[in-house]
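Both complexes below contain chain A, partnered by chain B and then by chain C.
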Partner chain A sequence: MDKLLIIDDLWISYYKDGKKAYAIRGLNLEVNYNQIVGIVGESGSGKSTLGHAIVGLLPSNSRVEKGRILFEGTDLTKINRRDFYRFRGKNAIFMIFQDPMSSLNPTMKIYDQLREAVQGKRSSNEDFSLTRWFLGNIRKDIIIENKDIIEALKKVGFKNPKEILVKYPHQLSGGERQRIMIAMAYLLKPKLLIADEPTTALDVVTQAQVLKMLLELKDEYKTSIIFISHDITLVSQISDRILVMYGGILMEDGSSEEILKNPLNPYTKGLISSLPIYFKGEGRISPIPGFPPNIFNLPAGCPFHPRCSSNMSICKLQMPKIKKIGESHYVACHLYG
Partner chain B sequence: MNTSLMKILTKNVNLLLGTIIIMFFIVMAIISVINIHLLTRYNPNQINFSEANLPPSILHIFGTDQEGRDVFSRVLAALPIDVSIPYIIVGASVLIGLIVGIISGYFGGILDEILMRFTDIFLAFPGILLALAISEILGSSHLAYRLYFSALALIIVNWPVYARLVRGQVLQIKSMTYITLAKVAGLGNYQIMKRHVLPHLIPILLVYSTLDMGTIILSYSILAFFGLGAPPPTPELGRMVYDGLSALPQNWWSSVFPALVITLMALGYSLAGDGLRDLLDLRS
Partner chain C sequence: MSHVTSMVNVQNLKVSYRIKGRIKVAVDNVSLNIDKGETLGIIGESGSGKTTLGMALLKLVKIDSGKIYFKGKDITLLKEKDMKDIRRLMQLVPQDPYSSMNPRLKIKDIIVEPLLAYTKSDTLEIKEKMERVIEQVGLDSSVAERYPHELSGGQRQRVLIARALIGDPEFIVLDEPTSNLDVSIQAQILNLLLDLQEKRNLSYLFITHNILVAKYMADRIGVMYNGKLIELGTTKNIINNPLHPYTKELIESIPLAGFKSRLKAYNVLDVQEPIVLKGCVYANRCKLAKEICKIKPPDIINYNNGHKVACHLYT
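Showing the complex of A and B:
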């Protein structure tokens, strides 16, 4: 297996008031071992849905219509909910979330939460036992030492980890809590970490720290990371590869350098030129006109055509197919081919 | 004694007063079980017609009833049942409500639908009437155990309220990110319920069940008033109120004092519940 994760023609739908809408339409994605993939898009582009689909936590009103999610060769869309825990947590897939304020249980001390994250995992093919049912299935083979927890806290920049361990989440700041989450990832050593906008609620200095820690995590444990964000500069700082999503489809896929220096899709161009550091013209920064579409009311053809500056007649009729443009650079747009 | 506990109690007058009243009745009940003659020299069941209908005096603090029994000693003898039965009723209701509520709220779907419609059936009846009917049907053939059937009736009437309360809370907790995180970390449903859901339910259950204790004391007294409590001659506060009714208004003491004790006990739990609610800050 040379790829950690292969997503093949994935379609995910939502149901609301009897109506059906697609949040992801025909997505293809490959993640290598030891690679950071950034996913960029506005709200409603399907990037968070993708993250939740990989860990098997789609909301109850949505489902995978078509396609496969292969994690080390196992199709995760075929795994039922009760067996999914084998693919989460230690040595598997872990996810950290946008809001560090509600990611930690306010009634538990940091020590208990870190310990539980590692030890609480059920072991596979265990028969039901009443004692285990009461005591909550402590896994004997992965009992962690306190020094591991302290080590992990030191790695995420806590100067005095022993004081942090006995604190409750409300005694920590947002940045500290997000670092606790990354410490959890250090303890779990997942093969794939999905970071769903982990820096959105943080200030710029803390954002940089968090990015640095994620890079260290990748270097130390060869963890692949899917970094989901709406901020293309942030993503480009950390990712080897960037995927741009819009309206549930993949607009552009390429190495970070390629995407930033030579964006091809008008949407990617728009995203980049609306950032101050990449804005080359004079006067006011030009944002992309209009609003991101509602997935229950997507335009026909290319979902971006109502807001696109190089709108052609074919854009209204046909969805663009993804085409290879250069060495590891793919784009879905009627302007190219 | 713990200084922070002292600080909490002196700041929170309701909680302090309520706790004192509750503790007072619990201690009296325990002493009365151990040896009632530590507190009174009369036998609560000793009929003595020569001393019938005596008003309150130094000899008989609460007076005597129509059969010449000392009302004070009868109140003391009634305390063990009237103090402990509400704990059994509320405890069992909370336990059943907690299990049903957590399962219903956590798993959702059809299971939730079935369980909640089932609680609706119970909630649709006026509680005390349903309890009267149940304890009359179940208890009429087992007079000696009638007391337990009345308690069972109140449990049947009371648990759906807790199931509803818990389900609502669980639905709210379920949407928190740390529940999702626990799932991502590979925890099972049982562990998530035990470690991440249950601790959040304790404050609201504590407050609600304390407030409910007062209501249950009154409800149980109503059942006892109608003769659905312990069989005579075992004294019971609710029944004593009924027995004294025919002597009103001249010989008021034989029903007013038991009624006052019921009121005071209910007041104690209400005050403590209010105090706990302020302390745990549930309204914000």
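Showing the complex of A and C:
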């Protein structure tokens, strides 16, 4: 079956104070059409770097050292930074972030932002050469009408869309802003949506709503979603498949059910046993000792070995390779051969 | 009223802020009690007044009306200079560890700050106490000589807990102490707080928006919405048998591992900014709102056995 996205042996480095560090080390990943893939990891695991690499928004001090990101056959790592917006727009790769305010223009009304997202900014004289800010009509195939914008806002739960259209982002709450971003996705009908901790700043009720809206978006447009979060329970609510990352490598990959019911990697086990599931006094959770590594100071071998209770001598020397263990269940750990 | 086992007791507490000439009531007529050795969890969304409530219990914000009793003593009108002895017994662990520390002080100086403010101990005694709390919160003794920016988020949170502990307090307000931390680190800090409570018989006010964390940490839970305490009960009652429509909504929205079908069944409502009406603060969001809800605010009543709720459905 054709894949929407294939990531092949990806290595991404950062430079800081003359030092170089790897945020992603040899990552392989395939995303099918119409699939929700959840990526779970703690700070420094490389999960956000991965998301930014796919949409071409890596910071200027980072570099793809090796590997390919194939989106419907096109290698995204070969696209010039300056041409990327056009590619994103045409092929509809969309990303929403933890803080929607950073994606919205504070000086523009919601109506103009939603319109611009699809049609691109129009300069007054329509002359390419005169203004560098002319973004072109990105989606020529979509003719956006006001009723489409209203429809999109209704889909993300606004009962009075007309009132919202004339507001500025700062007049909305965090949850409402995030829903504006999802409305934007409804207008763009993206093939791939990357959601990087989209609900971390929201309260639980709004969080559940945003998740539900993402599910509906996928059902309506067959959008594939990469959902990045530090919270494995949250990810399991929405994803068909979960990938666990640690220290820039993929630790485990499997269906959501498999990962939760039958986690194999000691790190995944530790993440699950860190969840506070008991009532007070009825049981103690067992946390992973230590803390996640700094990418500028990664341990040799398996990045998790200093915190791992099953660590063996080989773990200090050699990075584990990802191996197939069961039907759609892969793990990188020396315990499994 | 007897407050023999009571650590903190507040009656009809009201706190308001003046923002651009308008008055915003952050905590409205809240009464509650925390016993010795008990944890009261406070849950609610941002803007519900839970942080202000915590600050008010510590007398860190000006209160409009109501009474605060600390170990049976009325401290509502106590002057700051008379609060000194009591301050040592009540401490705060704030949410963002980095903004709560002076970046130019070493960790050892940050930790002993409360001791210098409230007691006259000699330097050797202070040093011993400092080393003891550093060990108790599970930090390596080498952190004493470091600066805040050299530590990780989890380590900084431990430093703040050490700072709260050094004066041997009896009551600690924990304001979202783990919400900025990674899951594995959150688990470490929660267990540390439980251990410390057992060893020292501490009372906690545990403020969080994470209901699972509240379930793990609290003996009883209070639910706040727009400044009002709308439900209060044992943790089991709140989680397994919520009464107020808002509490029910909160419990339904908790992400549970592997329950994908639950999300599909989730009912999306338009969440508007809470508008303060004459009636119940929740009325404009409530699916079950009746005519009376829009006119008269419900009083908090004892539904059964200490499970309290403020909702017209139960009156």
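In the analysis below, the second predicted complex is superposed on the first by the 301 of 337 C-alpha atoms of A that agree within 3 Å, B and C clash if a C-alpha of one lies under 4 Å from a C-alpha of the other, contacts with A are read in each partner's own complex, and residues count from 1 in each chain.
We adopt the following convention: a contact is a pair of C-beta atoms (placed from the backbone, for glycine too) under 8 Å apart; a residue touches a chain by one contact, two chains touch by 3 or more.
What you see is a predicted model; the values in this text were computed from it and never measured.
Student: Contact-wise, after the overlay, does A:173 reach chain B, chain C, both or neither (first, second, both, neither)?
Tutor: second
Student: Check the residue A:32 against both partner chains and state whether it touches chain B (first), chain C (second), both, or neither.
Tutor: Neither partner.
Student: Between chain B (first) and chain C (second), which does A:89 come into contact with in this model arrangement: first, second, both, or neither?
Tutor: first
Student: First (chain B), second (chain C), both or neither: which does A:318 touch?
Tutor: A:318 sits against neither chain B nor chain C.
Student: Between chain B and chain C, pick out the one touching the greater number of residues of chain A.
Tutor: Tallying touched residues of chain A, the top partner is C.
Student: Please indicate which partner A:74 is in contact with in the superposed arrangement: first for chain B, second for chain C, both, or neither.
Tutor: Neither partner.
Student: Chain A touches which residues of chain B in the complex?
Tutor: Its residues touching chain A are 108-109, 176-178, 180-188, 190-191, 194-196, 199-200.
Student: Enumerate the contact residues on chain A facing chain C in the complex.
Tutor: 42-43, 157-159, 173-175, 203-209, 211-213, 215, 230-234, 236-238, 256-257, 260-261, 270-280, 284-289, 291-292
Student: Mind listing the chain A positions that touch chain B in their complex?
Tutor: 55, 57, 60, 85-86, 88-90, 92-97, 99, 102-105, 107-108, 116-118, 120-122, 133, 136-137, 181, 184, 188
Student: Which of the residues in chain C come into contact with chain A in the complex?
Tutor: So the residues of chain C in touch with chain A come to 39, 45-46, 152-155, 182-188, 190-191, 194, 209-213, 215-219, 235-236, 239, 249-250, 252-260, 262-264, 266, 268-273.
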